[in-house]
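Labels A, B and C are assigned to the chains in the order they are written; within every chain, residues are numbered from 1.
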């Protein structure tokens, strides 16, 4: 454990405030002492379970057959790769996360622009608008499933009926959309909050100057505001992706993995606690982590680029 | 002039319609909570029900209070622990010079990328082997693991805003580390600490996956308790709505009241 | 129990990293071994029982009446954890399979009892129940009790039992000018369903919700009576056989033509709502539904319903056999108190208590012969009690289909892998209901999965 922790810090000496060798060394030590508890906690709570996951993934172990357990080499990986569930769940995760993130960001942008204007009751409108993000996801999924999207008594079908459209069997015909609807509903306020902060951080003088120069509102938005918002958009997309990649609640509550909504989290849960296939589930877990590491590296590189202007390595 | 005012009024109207559409599911849920059960799931919907508090009585008769208390202790406890760990770490990463800030940060944030589900089996078996299932302390500790990366990340951004001159001045004055942190830096970033705390609290309060799998009765928090209102054999929408309303009140109120912190926290204060 | 819990809690906050490291070491030394030793709570002092149960009305009635038990046993309190059927299965299976020890009493279906008993996860109740003459263990329904017995030992007690039957709205069928025979065939039922089906009313309601205990409860009975089966007597998977496909296709087509709009979210509750609000004309499902449909407070069709045996094709009967039972996991630290409660909740006195406190139509059905001799119950349940009893005694769990099988059970296969198998196939089936996928590839994959599970059995 200690080895794991100190290696990264030791590789390069710090470029500190130049107040002499002695003091610099002390400062580094103090810094390490400050960093240590958090780093250790994180390692213990996330890395040790993962190492054990690798161990379990090499075991033949179905909890329903307690007598038959043992080392099985890479068999679990073979059956995982042969089964095809992993790839289709990976696809489902990308589809659900991707669509929801894009939709949330676009809608979030719309609401940010609308709520950045000054109008009667703006404070109240903002307050109402952030609410979906605060609602407990389990509660949101339950309410959407039973109150809004129920085929017989849901408000969505009632609304469709008002405008003369036929009712929709949401869960049967459009399972993926039901999940995306709920996630988009919850994460639009999230994107909006970040983008609103971006809009408010804009330099008003520049905007006024553009207006004086006779640039239209749309052109100003396109050529000044949007580029300014870019890093906010990146942050919103990245954070929403981190959270949505793990999405579990609405799937467990609304679709139970049917119709292309079996995301990786749900697949892992199902293999582990419905199939009770410890070994196989662990193999799925290891595969998932490998894929996430690749995704995370790419995403984080982007993130660091976002922050590079601020000087991360000073 | 009139045309541009008309346009402004129109945009305002559209804004309000859209906002109310977004808010509708919450409003409808709260409304349903005050209906008698037989008027909750009807087609067409019942807009003039016989308003009643029966469902809230039923919710607390089903003993919701202990679940709320569990949620509260896991959320508050984990948030406090997270802050105690995250603030010094972020301080070391942003103000004090630590080599390879990037590696440490990368590590923290990457732990948040990993699906919790990927290592749920060992976590479950480990907890079981130490008798830690259905135990609120262990659930709290796990929430620390989940929220720590986000908090470190946020706090680092807030701390990066603290003018270096302020700290250097304090250091030249010979201020000791404790003084430096508590007297000089902390007051400046206090809003940031509040923001990070709020976000961690929200995430912990709303967490379902671990809560559902690792608790049964004694330590069970609110989110998995909610799903138990889905009745296998009868009407349940009104009482479910009432339970959901009670469950979301603390976080929604906190979010409404601390909107500024929420914005700061989410925008991570950093990007300026 | 209180003592134990406090002790456990104090073990936790001893230095975060140290505790977690210790935890990791213990685990490396052999995780899954389980068992934290200490067995405080057994002798003397107040006992707190944790009971995990499905949130059906009968169970809610039990929770409502538990204070009567607690008054008789002042040192015992009983905490109910209610869950939806699927969640309950997942939670309880996970707990007993890992020696989690979170529950003192669990509600288990007749599918799980023999499997769990063989794994040594449930305590043998034979002695406790047999030694008490007042309890009258022989009064329990024979076919139900058989399903809970392994090697002459009884591992669970039925709280209530059920078969399945056809329920139909007489008004709607009369209006369409059709009459229902007492022993209908599936073809007759399908014809009537298509006849009655209109814009306002569904001809029939059949479960389509994923889960082996959801869609595959009725669907497996249809497969059985069509002459199909999950396995032959040698554990060769039979899912690729024409009878299996024919039955499933029949079921899907019937739902498509004359069934509910949203089959994938339709389970028992949804059908109950549809039928009790007059939106569905017929329904094939658990016999306990009748009691709910005849309750004028929640149902608009009370008194308008007719009941018939489950529809058949090639067999005499095609009702299923199911019971929700109370069992005590081996891991409990409060066995004596748990036995007390289990006996109380499944006793004749409890039935009297339900009748006098909550109404006679709410007495848990299908568990005891004597229930059907209570005059008040006979009167309150006149329209469905006799047929329920007839069907429950007529079905044959040893061979529900055309060919012999090597397990006991009608709408399920009594092997551990079946719940996973049924779940996966039913998820794929959702795509067939929605028209996103053909049946053939779904059954092809199902055959592979079934064969894998069957091989483990050979």
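We adopt the following convention: a contact is a pair of C-beta atoms (placed from the backbone, for glycine too) under 8 Å apart; a residue touches a chain by one contact, two chains touch by 3 or more.
Keep in mind that what you see is a predicted model, and the values were worked out from it rather than measured.
Student: If you tally contacting C-beta pairs, which comes out ahead, B-C or A-B? Let me know.
Tutor: Greater number of contacting C-beta pairs: A-B.
Student: From subunit A, which chain is the farthest off, judged by mean CA positions?
Tutor: Comparing chain centres, C lies farthest from subunit A.
Student: Can you compute the centre-to-centre distance for subunit B and subunit C, using the mean CA position of each chain? Integer Å is fine.
Tutor: 37
Student: Averaged over CA atoms, how far is the centre of subunit A from the centre of subunit B? Could you give it in whole Å?
Tutor: 14
Student: Which residue numbers or ranges of subunit B touch two or more of the other chains?
Tutor: As it turns out, subunit B has residues touching two or more other chains at 41, 122, 125-126, 141, 144, 212-213, 227, 229-230.
Student: Residues touching two or more other chains, restricted to subunit A: which are they?
Tutor: 37, 41, 45, 48, 52, 150, 152-153, 273, in rising order.
Student: Name the residues of subunit C that each touch 2 or more other chains.
Tutor: In subunit C, residues 16, 20, 24, 27, 31-32, 94, 98, 273 touch at least two other chains, as defined above.
Student: Going by the contact rule at the top, pick out the subunit A residues touching subunit C in the complex.
Tutor: It is residues 1, 37, 40-41, 44-45, 48, 52, 61-66, 145, 150-153, 167, 169-173, 175, 255-259, 262, 270, 273-277 of subunit A that touch subunit C.
Student: Sort out for me which residues of subunit B touch subunit C in the complex.
Tutor: Of all residues in subunit B, those touching subunit C are 38, 41, 122, 124-138, 141, 144, 212-213, 216-218, 220, 227-235.
Student: Name, in rising order, each residue of subunit C that touches subunit B in their complex.
Tutor: 5, 8-9, 11-13, 16, 20, 22-24, 26-27, 31-34, 36, 50, 52, 54-57, 79, 81-85, 87, 91, 94-95, 98-103, 267-269, 272-273, 288, 292, 298
Student: Taking the touch rule as given, give the residues of subunit C at its contact with subunit A in the complex, in rising order.
Tutor: 16-17, 20-21, 24, 27-28, 31-32, 86, 90, 93-94, 97-98, 115, 119, 208-211, 260-265, 270, 273-274, 279, 416-417, 419-420, 423, 427, 430-431, 433-434, 436, 456
Student: Contact residues on subunit B for subunit A in the complex?
Tutor: Per the touch definition, subunit B meets subunit A at residues 8, 11-12, 14-16, 18-20, 22-26, 28-29, 32, 41-45, 85-86, 88-89, 91-93, 96-123, 125-126, 141-142, 144-145, 148-149, 152, 160, 168, 171, 177, 202, 205-206, 208-209, 212-213, 222-224, 226-227, 229-230, 237, 240-241, 244, 247-248, 251-252, 254-256, 259, 262-264, 266-268, 270-272.
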